[in-house]
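Structure first, commentary second.
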Amino acid sequence: MSVTPCPGLDPAARWATLHDMFTKRHGPPGSSPATLTPHLVDGQARKPSVQIIEYDKDGVEEREITDLAELAARFDSRKVTWINIDGLGDVEVLSYLGQRFNLHPLALEDVLNTGQRPKVEAGPDYVFIVAQMVYQNREQTICGEQVSLFFGKNFLITVQEEGEYDVFDPVRERIRGGRGSIRKAKADYLGYALLDSIIDHYYPVLEDIGTAIEELEDDLLERPSRGMVITLHEYKRSLTQLRRFIWPLRDVVNGLLHDPSGHITSPTKVYLRDCYDHTVQLMDHVESYKEITSGLMELYHSSVGLRTNEVMRVLTVITSIFIPLTFIVGVYGMNFAPETPDGKKLPLNMPELYLPHGYIAIMLVMAVIAGVQLVIFKKMKWL
Amino acid sequence: MSVTPCPGLDPAARWATLHDMFTKRHGPPGSSPATLTPHLVDGQARKPSVQIIEYDKDGVEEREITDLAELAARFDSRKVTWINIDGLGDVEVLSYLGQRFNLHPLALEDVLNTGQRPKVEAGPDYVFIVAQMVYQNREQTICGEQVSLFFGKNFLITVQEEGEYDVFDPVRERIRGGRGSIRKAKADYLGYALLDSIIDHYYPVLEDIGTAIEELEDDLLERPSRGMVITLHEYKRSLTQLRRFIWPLRDVVNGLLHDPSGHITSPTKVYLRDCYDHTVQLMDHVESYKEITSGLMELYHSSVGLRTNEVMRVLTVITSIFIPLTFIVGVYGMNFAPETPDGKKLPLNMPELYLPHGYIAIMLVMAVIAGVQLVIFKKMKWL
Amino acid sequence: MSVTPCPGLDPAARWATLHDMFTKRHGPPGSSPATLTPHLVDGQARKPSVQIIEYDKDGVEEREITDLAELAARFDSRKVTWINIDGLGDVEVLSYLGQRFNLHPLALEDVLNTGQRPKVEAGPDYVFIVAQMVYQNREQTICGEQVSLFFGKNFLITVQEEGEYDVFDPVRERIRGGRGSIRKAKADYLGYALLDSIIDHYYPVLEDIGTAIEELEDDLLERPSRGMVITLHEYKRSLTQLRRFIWPLRDVVNGLLHDPSGHITSPTKVYLRDCYDHTVQLMDHVESYKEITSGLMELYHSSVGLRTNEVMRVLTVITSIFIPLTFIVGVYGMNFAPETPDGKKLPLNMPELYLPHGYIAIMLVMAVIAGVQLVIFKKMKWL
Amino acid sequence: MSVTPCPGLDPAARWATLHDMFTKRHGPPGSSPATLTPHLVDGQARKPSVQIIEYDKDGVEEREITDLAELAARFDSRKVTWINIDGLGDVEVLSYLGQRFNLHPLALEDVLNTGQRPKVEAGPDYVFIVAQMVYQNREQTICGEQVSLFFGKNFLITVQEEGEYDVFDPVRERIRGGRGSIRKAKADYLGYALLDSIIDHYYPVLEDIGTAIEELEDDLLERPSRGMVITLHEYKRSLTQLRRFIWPLRDVVNGLLHDPSGHITSPTKVYLRDCYDHTVQLMDHVESYKEITSGLMELYHSSVGLRTNEVMRVLTVITSIFIPLTFIVGVYGMNFAPETPDGKKLPLNMPELYLPHGYIAIMLVMAVIAGVQLVIFKKMKWL
Amino acid sequence: MSVTPCPGLDPAARWATLHDMFTKRHGPPGSSPATLTPHLVDGQARKPSVQIIEYDKDGVEEREITDLAELAARFDSRKVTWINIDGLGDVEVLSYLGQRFNLHPLALEDVLNTGQRPKVEAGPDYVFIVAQMVYQNREQTICGEQVSLFFGKNFLITVQEEGEYDVFDPVRERIRGGRGSIRKAKADYLGYALLDSIIDHYYPVLEDIGTAIEELEDDLLERPSRGMVITLHEYKRSLTQLRRFIWPLRDVVNGLLHDPSGHITSPTKVYLRDCYDHTVQLMDHVESYKEITSGLMELYHSSVGLRTNEVMRVLTVITSIFIPLTFIVGVYGMNFAPETPDGKKLPLNMPELYLPHGYIAIMLVMAVIAGVQLVIFKKMKWL
């Protein structure tokens, strides 16, 4: 999946790319396993860029490769060779590497079928890891790419979707700068460093969503609107999606920790354990945010319920006070006549109308009725 | 269960067949185990069609069988023999096969009692698998059939309900075309290929439901209606149903992976592991869709609640403004008389009516009351 | 628990007996364990009927026993002896059998304390099983009884509550008819056959509830009423109850499957495995129905919410249109006088009343107001 | 916790004592472990009563102890010695026993810090059990006390809070009466008997709550009120509380069953297994009641929703019928004059008023309007 | 995290600090592992205070250290050395200690990256524990700090955030006072004592929240307001947060209990088991409180629903009674004339107005209508 720019101002839209990662790419049902189909961007297959970094504790050598034949020549067993492939538009590179490093065809198929569940598979010659990396691009959009890692004794191959940002850049900087112990270690440590970088990039994304939820919380308490519920719903979906990536990632790290194949050395395992703690903490965050989101949804519901209740109370109080009064004034608006058309007196028809203080009396009666009602409503705490 | 056409336009109706698969067919309670009862379609038992494919890496031979005696003759141990039975209307074929290949009577009963939970059972001579296949027919209806597989060293028997579409067709094409490694492998690989094809066919069905949910989501946010909730409810039921099929399917694949009976060769296990990943991913999808469906239900509830709230607010504002005004005009519609019928002056009865600017004054008073209320409602953010 | 007829037309009432089975019968707290207390029906202990069936592959002998001493004599070790006790009103029979077959006093106590959780206990001499059987009697009422089974090498004792229907009848028929393999097998197979019959009888009951729920679903979508929610609530309770019976039943079958005591022979275990699949499927059904019931409850809620919303909309539209109009006609019903009682002209008091087209003008104004409102409400999709 | 009488008529209040048991008594944070602090009732420490029962199969000896020194002397290893301490007001007795029987200080601390989670701890010399007993006192109030048991080869020490009722009384009766096997068995059987009595006393309490819930259910369906929801909420809390006591109690019994220390003899384990079944059944009951309570809450919600809907419907129907009619009569209450004050004819002003059948015509028109509305509402099933 | 005073009167605000602890401090994604970054308070790094306590059963020596070189000299292997560091503003101290005691760089990184999930890691030389301590400061605000413990054979290092209160003070007092067994034991017992003190400090915090919830419960039943729901929501969040701290703390204690590295001696394990029971009980409390909070939320919802229902009933009753009456008086307020302007008699126009008892009759009719409605509403239990 290539990085779509989607710089939308709408916070929900920022997560759209993440949602697209949901769908697994796959061939037609029943097709032969291990069939490699290139990714097409706008209908055409783009040539991937292949970059090689070779290093040991004494030096680093970086090269961009254009001719696949170059790959056949190099391979200094005292150095660590990191081959990075950017883009999934060409199956030839993968087939070539598959033959060169004896990679399983099913693994190569998984590299191309993006939307995979993160997993680890240890073979006799190498360890194969699929993970989903998530990061924010320059427009603050949350983007994601599938990353595949193969690493053996002294080589490491990474294949990623073509994207504008590369979560591996900090690791490259560390190799170049010779900082930390990365240059002294073997390919398994490089594998750890890359995995750690992938996991580390989840933190800012989660913090971003956390901040957004907290802001929403404040708004919600002040003035709930339907837009907020929709945004909340979107965040919930994003968290569901992130959980789908992180949960199996934890299993991946755990699988590496307990890997019996011997590809991971003991010193690296100490670091992986740290990595494992991070995935557990990420899960903790996701679950906590989900719980808060659910709590906010509930808060919203109760808020709306209470508002409806308040509105009803106002309506009921006003109606209850004025409707009887309106009835009373209606009574004295009736036209019962004091005499028949032919002049016969009808003294029982509305004699109140002809009392000297009739008007004042009825006004007072109505004031008393309204007053009593106000007192009752006050007592019932409806006011 | 035969494929019912149900080409209904109603999205919910498209899933009806799936719901019917819920019910397990079974004999009367307490009846003897392993009793075989044929399936009746429209009250009569249809003869099943029996098809045989024999292949090795050098060639393929396909035959339609009409006389069961033909089955006794053939059986070339260097080839893989795939016997496919379409239709459950005749128990004789099954009994014959049962004797010929030493199949357990309880397994044969499971073949006929459709609506089974997917399961795997490994015996000394063969592995027995029951699964539910789900696919879309030409009218876009979701259909389902029970499929049973028996496979031993070099034979494979599949029994399926009679249906218009066959999820095994792509595998047949691969055998005929000699593509991939299928022709070089043994019956266990064929078993894997068929199981994989069954699992692969769940993807388009799930994607279809996913797209439908996403469309519903957009509609729901714009204008919720009761029809949507019903559709949502139907989708939820369909997902519950699909989960009932996929969850045990995962156990089936897992059971095959850890099968100690030796029917599954190591190379096939590598492929089965891929298959296992697919079932896990399908489960992931189902759970995610269920979560989204629940979220939409909640969204709908909150949406209706908010709408009721809005409606109430409009009602309350209009009523609150006009009811007091109506009362006031009612007051001046009272007929308190300025003099008694016999001409006595009653100057206290509604003297306002005889003021030169009484009418204009009262109109202004009412405008002020309405204005004050509008300001209050504006402040309370009810407008 | 004896079978209560309860032929009520109310679907919920049909399940009442099931709910009663919830309560465990037990002695006063702190009483000595293994105390046997007979069941009283209408205050008196009814003598249980004791029936013996002895069979081997060559023949069947059935006898009704009246004198307990008869039990002492018989016991042909080459045959299977099935002693069936109907009714829990007499502890003497149980004590006698307890001594004769060396049954543990705690097991005998469990036989009498109905409402037990289904369980299996394997001792050195026999296997003890408690289960709850559920069936529909002739009046379509769902009834339940506790059944206890003891089986050793060549004897099987069943104790059940007195009921009008016996789930063991189909098995008796199979023994008499010599159908299937039952006559050739030992007591463990008979135990399996009885357990299988108990489990099989859950299917029609569950299907019955399933059909009822489906009918309710259709009604609910058309016209929700409070009665339906109550019925739904009753079904939910019944399902909770059934789950309480089936869930441990699964453990019972699983316990038998993995029984190390050697009471269960290998061929019977194959059948028990089939039995186990059935309990798993029953659980699946119960869980699915519970989920559907919850979904319906939710549907009902949303349905009521939407209906309230619709009712409110009608109220608001009608009120919003007529309240302002009523105010206007009220205005022109005011009695502001055109002249004072003493004849002074008051030309500013309601001059509209004396315009030639005043009436028609005001009617038009009101029509315009109503029309504008209708357009607004149409636009807001309230109509 | 001493037994508070709380004989309140309010069913919810009856459970108040249970809720108080929630809180664990504990010293100030960070204080030294195993510090013993006596319980104060009304600010003063009451002397506990110490009672000793010694028995073997030949006889029973009971004694009330006042001088702790007496404890030092007795201890016949062929008999079972049961020391029961009633009241936690004096730490001296506990310290003395602690030294005498080598009890761990942390265990003694747990005895005093009531509100403990039930647990079992097996040491080399004895088994230590903490449990919460729950019973109904004479005023039908639900009361609870913490009970601690220490039992070794031939001694058993019980420490309980001072209460008006003692769940151990039935066991004492059995020892005195020599009924059952209790007198022939060792201290482990006595321990079982006491634990069994504690567990048995949960049954009537749970049945009581069950009956109360069922009564509430009937009321709720007839006429829901807020009081019921509060009662329901209280029951839910009580069930939560009971679950907190029973769940770990199950673990206690399970721990005893699988105790490797050898304090529990095989024959007693058979009885403990029965005990275990009881705890599982109690859990079953608690969970079922909780589920029913949730179902009732939901029923209540839906009931209130439907009632609001009904109320709204009545309001809407009455308002919709009368508001237009009131408008019409308002129209003909307007005072548009047939002539100007100066006598000019205005024939267009309300000529209807001067039609011979105007009044009858307008009454008919209104009757038709009302009739049409009634038909519409009937059709919409609002009536 | 330093202790922020936040002495707000709002109960919810008191928990704000706790919510801040949610966020894990971490470096930029992809940075080298084990990078130490000092904590800045108000933009500047404060020097931490280093305090040393050395003790054995004979004496205690306490010292404040200012020069790190002092640390190099001391280390009496017969005594327990406790180095406590208050404040995370200076990485130099940590690096020095790391080299001196051979602490793993990743552990040191965890010490600085506050907001860690509590965890335990046992290395060959020491055990490393991270925990979150929670306590109430003098202003009753709930505060939290991350605490890290390293302990080996005879040394213990604690690093905590700078705070106004120190949960370790009670333990210091016990060391100084020589109370209990703390002075006789080794560093592992000191480690236990500190961990126990951390866990003990959760009790008052939880009790505080418990009391607050109970008070809220009483208020809620009397008069629900939106403020309460918000407070409830805050409590729920706080409980979620506390659970995030306690749940892994339980795993920490469990990890220590089953620690195979031999750093924990058997006698200490007895105490740790007590500690473990406390964490389980804390979890119990948190879960119970969460359940009660959810129950209250539900109670609130139902309360609001019922109130709306009551308000609606009042509105409906008043409207239903007065609207028809208002219509009737409106009818007799119509101006249908008894004669045309030109004096023609119109005897069918409202002849009731000219009946001698017309007014009284209509008043009676209205009284009857209102009376009948009152009876109906009484019967429907709306009054």
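The chains carry the letters A, B, C, D and E, assigned in the order they are written, with residues numbered from 1 in each.
Following the convention adopted for this analysis, contacts are C-beta pairs under 8 Å (C-beta built on N, C-alpha and C of every residue); 3 or more make two chains touch, one makes a residue touch a chain.
In this text, all values refer to a predicted model and were calculated from it rather than measured experimentally.
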Those chains which touch subunit D and also touch subunit B: C
Same-site or different-site touching of subunit C by its copy subunit D, using the half cut: different
Chain centre separation in whole Å, for subunit D relative to subunit A (CA means): 41
Centroid distance [mean C-alpha coordinates] between subunit E and subunit A, Å: 25
Contacts with two or more other chains, residues of subunit B listed in rising order: 301, 305, 308, 312, 315, 319, 323, 326, 330, 333-335, 350
Residue ranges of subunit B touching subunit C (in the complex, touch as defined): 22-24, 26, 28-35, 104, 106, 109-110, 116-117, 119, 121, 223-226, 229-230, 233, 236-237, 240-241, 244, 297, 300-301, 304-305, 307-308, 311-312, 314-315, 318-319, 322-323, 325-326, 329-330, 332-335, 338-339, 345, 350, 352-360, 362-363
Of all residues in subunit B, those that touch subunit A in their complex: 167-171, 174, 179-180, 182, 196-197, 200-201, 203-204, 207, 210, 221, 270-271, 273-274, 277, 280-281, 284-285, 288, 291-292, 295-296, 298-299, 301-303, 305-306, 308-309, 312-313, 315-316, 319-320, 323-324, 326-327, 330-331, 333-337, 340-341, 346, 348-350, 381-382
